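Pasting a structure below so you can have a look.
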Amino acid sequence: MKKNNYSRYREITGLLAGVLVLFIFMSFAAEGFFGWYNLHNVLKDLLILMVVASGMTLVILLGKIDMSAGSVMSLASIVTTLLLSYGFNIVFALLAGLLAGAIIGFLNGYLVGVLNLNHFVATFATMSIAKGLALVACNGDIISSDSDVLLFIGTGKIFGLFFIVWFAAILLIIMFFLSTKTKFGYKIYSIGGSEQVARLSGIKTSNVYLLTYVIAGVLAAVGGIFMSGKANSGNATIGDGYEFSVIATVLIGGTPFEGGKGGLLGTLIGAMFLAILKNGLSMLGFTPAWQYALIGLAILIAIVADVSINERRKAEEKRRIKL
Amino acid sequence: MDETILEIRNISKSFSGVPVLEDINMCIKKGEVHVIVGENGAGKSTLMKIISGVYKKDKGELFFEGAPVQINSVQKALSVGISIIHQEFNLLPHRTIGQNIFLGREPIKSHFLKTIDYEHICKRSKELLEYLGLDLDPRTLVYNLGIAQQQMVEVAKALCFESKVLIMDEPTATLTRKETAKLFEIIKKLRSEGVSIIYISHRLEEIKQIADTLTVLRDGKVVGSLSIEDASIDQIIRMMVGREIKDQYERHYHTHGEEVLRTENLGAKRFSEVNINLRRGEIVGLSGLVGAGRTEIAKTIFGEDAIEKGSVYVYGKKYNKMNTQRATRLRIGLVPEDRKEEGAIVEMSIRHNIIHAVLPRLFKSSVISKKIELSVASKYKEELNIKAPSVNKLVKLLSGGNQQKVVIAKWMCADCEILIFDEPTRGIDVGAKAEIYAIMSQLVGKGKAILMISSDLPELIGMCDRIYTLKDGKVTAEFSRTEATQEKILAACV
Amino acid sequence: MKKAFTVFLVVLFSISVFSVSAAPYPGAVGKKATLILKDLTNPVWIQAAEGAKAAAKDFGMQIEVVAPIVSNNNDEQIQLVQQAIAKRKDIMILTPADSKGIVPAVTELNKAKIPVINLNTKINNESGRANSETFVVADNITCATLCATELARLANGSGEAIILQGPSGGQVTIDLTKGAEDTFAKYPGIKLVDKKEAKFDRATGYKVTQDMLITYPNLKIIFSCNDEMALGAVKAVEEVGKLGKIFIGGIDGNKDAMASIKEGKLNTTVFKNFWLQAYTAVEAAAKFLDGQKLPALIPVDLGIVTKENVEKYLAM
Amino acid sequence: MKRIAGFALNYYKIILLFAILSVSSSVTQDPLQNIKNMIMIQAPFVMIYSFGMTLAVITGGLDLSLGSVAAFSTCAAAFLIIKDQIFLGIAVCLLIGAGLGLLNGLLITKAKVNPFIATYGMDWVIRGAVYIMMSGAMIYHFSNDFKIIADGSFLGISNLVYISVAILLILMFVFQKTVFGRNVYSTGANTKVSRLTGVNTDLLIIIVYMISGVLASTSGLLYVARLDCAEAFLGKNFGLQALAATLIGGTSLQGGKGGVGNTVIGVLIMVFLMNCLNVLKVSTLWQDAVFGLVIVVSALLEMAKQRYANYLQL
């Protein structure tokens, strides 16, 4: 039994080792890296990334993609702060922000799961739509918020830990639970493994698509609200390009585009990798130009390493099973 | 015992206008093993898929325990109590055995949270596996299993549905004798527990062992149903084929020419020490169970898989490395097992597919002339009698037999000297089958050499000059046309 | 040997003493500062980095110049602020990409008792939680006002005007647009007919201007939020032969923009003198560390560049 | 009725194109100049790099590194061109484009990295490299001999049109009429079948990414010539814009379908639409939303068209 548990996590041990090496290296090399203040902030940023990436992980586990995540963050940020600035109740504003994410998510799910549109095309389009709606709603302006609650969400601490850390941790536990222990999570893995097999097993795929995209939308909205909490203002550019970081995180974490394998644990390690790398490179004093090149290189190396390990395994498995 | 559990009345189904099932009537009694036989393409699998809710029927009715039922989804079939083990595996490689067994109907621990009771899954799976005589941990990922073990997982999956009707579509195709015997024991046990089993098989010798009733399908129609006591093997065959078997395999035997292909201690992932040869004017068969390494040998010779040991001699020249480009330049062609994924580009037209392999040779200047393309493609379409209004029709819209003919046309068009046919007639209707045999016969008549892989023993025996048998990646025997019998071959394979 | 070593030490000591005594702000020597810019890929911001480094050398300070990877990204700036706190810097010079969004980070700096020198764009301190020691003014509203006033003067205070904007939703765009709008509003003859996003990009500025020239045939003023787009607009206007009839103004004071002014194509730009901005800010930081009182505002000379005075700026 | 529906589905893009054009022409005072602007100047730029994306999409991948390839190759070449070594500069530019394409292709075929993440990672690396190389410099004031490439015209038609049409014709010929092109389509539609038919699929994919790189650097070069300035942030939105144009044009992400001809229509729709919004004085804030809608609608119509075609064939 032990052997099997091992094999389940074998795929992420390499990456975990990489993260540890990176961490140790940065601790020695980068001044100010190894310290509670900095690590606490890194933790906060990586958890924001992770919240959005956990929704993306589910989508990629299904064998799909969600290009609209970044735009949904911007939209949620704008909706929430805009309503706050009109004097609405904070709870209402937050819920409206989440609802905006859910609506875009539903649109994605409907286009992909019900109308059978190509997932990339559909979410690529909603990416523009959500960004456009955010810009139109805020009239191209930055919206400041006077809400102490929103500020607390972004920067407040409970028992010495950031609110975001607590909240994200709970959220991630729920997501982890959802994806590995519940019927819904099982369905995601089944559909991602083979849509045909899932259908033959009587799973209604369109519902799973809808729900997964809605969850991804809501989680992206949570990420957007966290971000606007950190800045205590709403900005339609908050999530520009964020979807790419999120997708890179998921892929580095060992959940490939084919779907059906991988999971949140890997994504968490992927998020650690990217967050530590970014923070460390910046602490080491690399200019943005060098950071561009080095981050890109690190992503490629991580993926190539992962691919070459999995490629060998895949060749094995191809001979064994035919689907 | 005489109580009818499932009645099929007047069921018809057609695909793309081609009738596959016509007015099928059948009665399945409670607690019987009802064997359905028929040639490939007779409509057995389609019928089973209709009963299990995968396909929708065009016409007809189903009665379950005397009451009419509308089975319009897999879910519905399962809830009624009908489950199926498909011919192709329906397992998810990256999930555990337990998760696969309970796929789609996982037990729920808490209804509020809809959590899955994985403990129960493992416990129950363990029981089922033990019941099937397998010592496996239900937490093992399926891709770590061998073919036979996967098949048993499929059986376990169907068993745990506690269904009243269990359909098994060729469950023994990949099992060893021991495993088959075990499966039969289980079938008998289930029968005694009142479960009805619809059993589809090609292996006539098995039927006598387990069947209570037998229904023969041919060309989408029921030829007849009879009790097993009344049936003799000869009679069954006659009913299945509708004519004498020999008619099918139209072979003219020729004197063999020089050797064109030889492997010397060829070895790769799933096989080793393979020594076979092939001469002009000859069809050589490769027989073995699924997983014995037949397809792998073919793909290694063709250069899709890497040669790890030994070498391949083509026209007497030695090659230690092979890739698909070199193979095609050497005029080797592969008609793969999986037509839709490996044989033809189904999203493209017949024309594109037919001239695909010959392109660089047909158009030396590398500029494609549509006129030549059309004429060449049309010529082969006529020659192989591909049934389509024009060569511009997309391959995905053709029937299986015609798709296969397109793949063969591709290699004929490229003027291949050595052709490898991997399961060339799987899933093809009888008429097209005979046509494909005729084409093969004609090809060797022209001095080409054919290596043929097939699970269909009568077909192999009928077509081949020589047959090699394989077991666990090693050649176990070689039979000439005159020596080969089904029994001998089977014995060498298991 | 020992003697030689002693001599060496004495020399070393005297050099250091000399250098300290030469420093105008002795209290700042050896202090660590961080300068956070909006961007470090754009030429003008790289000038700023050079200015800051020159100043740090002059005043014997250690300076680290950083910027977000994605230009003008507020969230990354917040992270950079936090990194500076983690590194226990003595002083922070901050160029916020988002004057509202940076507030929580500045609050954190205040809490960590790291003094803040605000540069270029004003930190929005309506809440009173984001205190800075001084503001080195080279803000975009002022720039926009300068440029728009010059354009209005050239157009004799009348005619149709458009604004070419940077990416929608960004602080720079918002400020510059506001400055230009407010200025044009002072001239009853000037009608602001449109605002268009051209992404701070020369190619897009060119393309959008083409469309604008078709849409508004009587266009007289093009106010561009940076020189890149302005030069794109110049190209488009040049191609329809309307140079001299349409007045184009940019912001930043790029070298090629000034070359274009010299050729008589671009009409005006605002020389933001990023080098001097950064130098001034670092000097202010040095003064502060030296215990001097800083004025609330330190203006940096923003020059409006025209054909008449372009030679002077090109020589700089 | 059915026939009209079929016609509308087959030619909806052309219909849409004319609809947009007639709207924009009806509100402008100088529609001729407007159309001239769009077709002669605006469209050719977008078209050339969109072709690169289209080719990558035909192989079943995509190329997100177009913009940074354009920036890197032109910036490197600009150092030569500014010294009046124009031909050498152009050659270097195209070679770098091809070289970076080669890297993309190798990552995708040999290292087996998904094209999305491979070209995305490369985009970061190349963009970083060009920032480092330029470190804030800009290169401008090129000689007229160089600028004429994009600025000049012949018989009243801009050189850009000649260049882009020439590229279009060459690509159409190569990809529709030659064995190479045919094999690229086959590889895109089903790589495995193509390999099993004796096509060197890896080589083909690598070549296609190289062509894509060359096209990116060509369009970069034209931008530099037209705007007289080489700078590190050229082409930041090339990738996504080209993808949008390709998708609107109807080239499917599944690979093996569509083509550069479709992309011409896609680019024209994009350019015409953007122009239409501008001349209708619609706020730029709406642009993103409108584009998203256009992509969804055209994808849905494309799907309807496919279904209709299949229905007709049955």
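Should a chain be cited, it is by its letter among A, B, C and D, assigned in written order, with residues numbered from 1 in that chain.
FYI, contacts are C-beta pairs under 8 Å (C-beta built on N, C-alpha and C of every residue); 3 or more make two chains touch, one makes a residue touch a chain.
Because the structure is a prediction, the values reported are computed rather than measured.
**Q** From the centre of subunit D, which other chain's Cα mean sits the farthest off?
**A** The chain farthest from subunit D, judged by C-alpha centres, is B.
**Q** Using mean C-alpha positions as chain centres, tell me how far subunit B is from subunit C in Å, no decimals.
**A** A distance of 72 Å separates the two centres.
**Q** Could you put a whole-Å number on the gap between the CA centroids of subunit A and subunit D?
**A** 30
**Q** Roughly how far is subunit A from subunit C, going centre to centre by Cα mean, in whole Å?
**A** Between these chains, centre-to-centre, one finds 34 Å.
**Q** I'd like the Å distance between the centres of subunit B and subunit D, where a centre is the mean of that chain's Cα atoms.
**A** 45
**Q** Where in subunit B do residues touch at least two different other chains?
**A** In subunit B, no residue touches two or more other chains.
**Q** Return the residues of subunit A touching two or more other chains; collapse runs of consecutive numbers into ranges.
**A** Where subunit A meets two or more other chains at a single residue, that happens at 135, 140, 287-289, 291-292, 295.
**Q** Residues of subunit C touching 2+ other chains?
**A** 41, 165, 168
**Q** Quick one: which chain pairs are touching?
**A** According to the stated criterion, the contacting chain pairs are A-B, A-C, A-D, B-D, C-D.
**Q** For the complex, give me every residue of subunit B touching subunit A.
**A** So the residues of subunit B touching subunit A come out as 53-54, 73-75, 78, 86, 88-96, 99, 103-106, 108, 113-116, 118, 137, 139-147, 150, 269-270, 296, 338.
**Q** Please output the residues of subunit A touching subunit B within their complex, sorted ascending.
**A** Contacts found on subunit A: 1, 4-5, 7-8, 177, 181-186, 189-190, 193-194, 196-204, 260-261, 315-317, 319-323.
**Q** Which part of subunit D faces subunit A closely enough to touch in the complex?
**A** Listed in rising order, the residues of subunit D that touch subunit A are 107, 111-114, 116-118, 120-129, 131-132, 135, 243-244, 247, 252-254, 283, 285-293, 295-296, 299-300, 303.
**Q** Could you please specify the touching residues of subunit C with respect to subunit D in the complex?
**A** Residues 41-43, 45-47, 165, 168, 193-197, 199, 201-203, 206-208, 210-212, 214-215, 217, 228, 231-232, 235, 240, 254-256, 259.
**Q** Considering the complex alone, what residue numbers of subunit D touch subunit C?
**A** Subunit D reaches subunit C through residues 28-30, 33-34, 37, 41-42, 45, 131, 135-138, 140-141, 223, 226-229, 231-234, 236-237, 274-275, 278-279, 281, 283-285, 287.
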